[in-house]
Amino acid sequence: MTTPASTAAPAAAPAPVPKARFDWIPLALLGGLMAIGLPAIGSPSTWLALTVAGLAMGLIVFIIASGLTLVFGLMDVLNFGHGVFIALGAYIATTVLAAMSGFTASPLLGMNLVAVFAAMVAAMTLAGAVGWAFERVIVRPVYGLHLKQILITMGGMIVGEEIIKVIWGPLQIALPPPEALRGSVFIGDAAIEKLRLLAVVVGLAVFAAMGWVLARTKVGLLVRAGVQDREMVEALGYRVRRLFVGVFVTGSALAGLGGVLWGLYQQSVTPQIGAQVNVLIFIVIIIGGLGSTLGCFVGALLVGVLANYTGFLAPKVALFSTIGLMVAILLWRPRGLYPVTNR
Amino acid sequence: MPNRLLERTLSHDLPRSRWLALLLVAIFVALALAPVMLPGSKALGVAAKMLVFILLVASYDLLLGYTGIVSFAHTMFFGIGAYGVAIASTRLGAGWASVGIGVALALAASLVLSLVIGLFSLRVKAIFFAMITLAVAAAFQTLASQLSDFTGGEDGLTFRNPEWLSPAFEAFGFDGRHFSYWLLFVVVTLVFLALLRMVNSPFGRVLQAIRENDFRAEALGYRVVVYRTLSNVVAALVATLAGALLALWLRYTGPDTTLSFEIMLDILLIVVIGGMGTLYGAVIGSVLFVLAQNYLQDLLRLAAGAVEGVPVLAAVLTPDRWLLWLGVLFVLSVYHFPTGIVGRLRAWSSR
Amino acid sequence: MSAPLLQLRGVHTHIGAYHILHGVDLDVPEGEVTMLLGRNGAGKTTTLRTIMGLWPASQGSVSFRGEGLAGLPVPDVAQRGIAYVPENMGIFTDLTVQENMLLAARGARHAAQIDRARLDWIFGLFPALQKFWLYPAGKLSGGQKQMLAVARAIVEPRALLLIDEPSKGLAPSIIQNLIRAFGELKRQRSTILLVEQNFLMARALGDRVAVMDHGRVVHSGPMSELAADEAMQQRLLGLSLGVHQ
């Protein structure tokens, strides 16, 4: 993210030049897309429902992709196997929610949320742990070797998916939402699914937390600096390798969280869930600019909203619209919406 | 002592290992005589699949092993070839003319697509290219499923072959299936030898130079983008041809026979385990892989029977999880056998 | 004479297939400014990077306060109190001046924890940094970026400063600014190993000088000696006073 941490400027000084102007254009793009959607779709209530659905989907994709883009930005490692953490998270959700059927069957929202929260925590913990092992065993030996990274992380994903099949079986498992989270909330005429609202809330919370850590803590500062110039950060005396492991584990945990939400969103999980989302997240991080969290955020929202609009207006074109968006953005800004300099 | 004619046929790219040579000869003879030797149609089907994969993976090796480009769009070109034949035969009726038109159109489509993808993406970093091809292939797969009027959607297209290749046709004691098989065999052999010629030519050597160090190649005066694009195009065209052959063999084309991501992973597995940058790796790897796919499951079934009741082992040694073991083998190969089986055999021979 | 703070003996460095350093012997005494001079390609930058561990020495020893540095990972070298200002300055252009400084201040977790007195001293040397405190460092001019790079190296006390061609591409007035700043550091008895092509700056600041050619140190001694001997200057550097400013 490009918003700088701010503390009071030193006193008795020549008046400090104000902070650099924030680049609003990509956000304006999102707004523009939403604005065009309204006349295209026609009814405001449908538009509202679709927009919320789009934002929800976009935020879930952001949660999953954010770790990936930082991992790449910081250490030049592209994890083609990121999907396995998504699948892991989704499957853990099925187990936890099934085990807490008392909580999920209750009509009280609070009880339901406890169960969902437990599933999220479990998913994040386990996905993070697997991520730590994945980094050690699969990724670490191939730092700097892009070709081998692509191959080996794919291989890791294949093995991971098969192990998931061993534990949970190869068939689709239903993930019914808890009682109080079924159905929709009505805002005027618009029916907005409760699950999507949940996704929006969680997604925004993650974005805010991530933004805060990156902008206001020293660790976040180190990550942002490391994405730009890893060598210099090391020359300043910081062990970037350890930082990287932390980012990788966090990214995997976030992917697990995203898996829980995606599974609930689709209301079922299959072992291929990781591979399916993989394509989307790659498109999103290319659009956003490799290494940029804000870019990932805006890119994900753009993709989510566009996919939902085209899903309604012209369903057959949905995936193409996403690729078309990617092409259009690359033609305008070849390195993504918010390119990280020095890359 | 290799004789001169043999050397020239192989474009001076000899196996360089007694074991490898033996294996290759054995495979060549076995595949040539399969219709004669093998009893059931399942076995012949296995052999045909081997042939198709040999060509498909060899073309991928050109891209990955020799030029150093990772692309996930290879199955797309494979599918274009298969659908070309299928759609032509369905719409224009069975016959050599439709097959010819189908193949020609498919090749043209692949040419255009690979050029566009190449010129657009090969200017960017390898990682971008890999991701973009992933997205494009996924989109194409969706397209094929959705244009069901044209492509038969999820169910695919079943069609009839030209007369000589139809099962009903008989001559000299063989039927159309056998002739289809031999058509595959001849085409695969010829195109494989052509690829061998290509990678051993100056063009091939420039590709390898680019793979090693593209900056230096550019500095030496080679337009890297042009060479990469050409490599991309050739690989795509050969994959298209392989797809056409598959369609002729199966007399059917659908999204899962050609476009699925599983097939892309299979290609990756084969090229890495067989040996990248050798072309012969595609042969050995494809044969082993198809054998494994069909018979490893039986082996695992035996093993599963042996460890029945043992908790973790039983779950992991079942025939359904054969891909797990292949995946592990793949990961190990990338680390420890970067040169694959072919590389290993050659290393042994030179000791 | 006490043992030098930094000592290189027989250091060879290979980068890929290229053999850059062919047995460098170098002494950097404590509390003095040692200039590292030489033509382009002589191996000066490589020497600094080898000390820092960015390029590993293939042979020889690098000792700092008697301890060997060769083979240590870069962060560990930095943590022993060695600061490095690379030729390209290493400024994080997306971060503000404040954030750049905060990164360099290992002891501080927030900007408020940076030593106030030290910061005031730095602002005294480089007022522009105070003016552009919250500005993205990428928007600074070349001279200002160089000042930031040096400021980062001194925001906390460091035992040794390795500085690579700070005056490159800068206007003469900025160079004067830098000379003043380094002069103050000198007065504070900082130990500096300074690579410079600008002989004027070298002569003004250097206590000792080492001249490199073809990956070796071919001359070392007091700066006064080299400054007085024009023939030696011609021989070693291919130039004399007044040129190359």
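Letters A, B and C name the chains as they come in the text, with residue numbers starting at 1 for each one.
Basically, a residue touches a chain if its C-beta (ideal position, glycine included) is under 8 Å from a C-beta of that chain, and two chains touch if they have at least 3 such contacts.
Remember, it's a predicted structure, so these values are computed and weren't measured experimentally.
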> Think of each chain as a node with edges to the chains it touches; is that a line, ring, star, complete or other?
Replying inline: line
>> Comparing chain centres built from Cα atoms against the global Cα centre, which chain wins on proximity?
In response: A
> Between chain A and chain C, what's the gap in Å when you average each chain's C-alpha atoms?
Replying inline: 42
>> Just the number, please: Cα centre separation of chain A and chain B in whole Å.
In response: 35
> Using CA atom averages as chain centres, what separation in Å is found between chain B and chain C?
Replying inline: 56
>> Could you list, by residue number, the parts of chain B that touch chain A in their complex?
In response: 64, 68, 70, 124, 126-128, 130-132, 134-136, 138-139, 142-143, 146, 261, 265, 268, 272, 315-316, 320-321, 323-324, 326-328, 330-331, 334-335, 338
>> Which residues of chain C touch chain A once you look at their complex with the stated criterion?
In response: 52, 54, 73-75, 78-79, 84, 86, 90, 92-96, 98-99, 102-104, 106, 109-112, 119, 123, 127, 130-136, 138-139, 152
>> Residue numbers of chain A touching chain B in their complex, please.
In response: 72, 78, 80, 138, 141-142, 146-148, 150-152, 154-156, 158-159, 162-163, 165-167, 170, 275, 278-279, 282-283, 286, 290, 316, 318-320, 322-323, 326, 334
>> Touching residues of chain A toward chain C in the complex: what are they?
In response: 2, 4-7, 9-10, 13-20, 218, 221-222, 224-225, 228-229, 231-240, 340-342
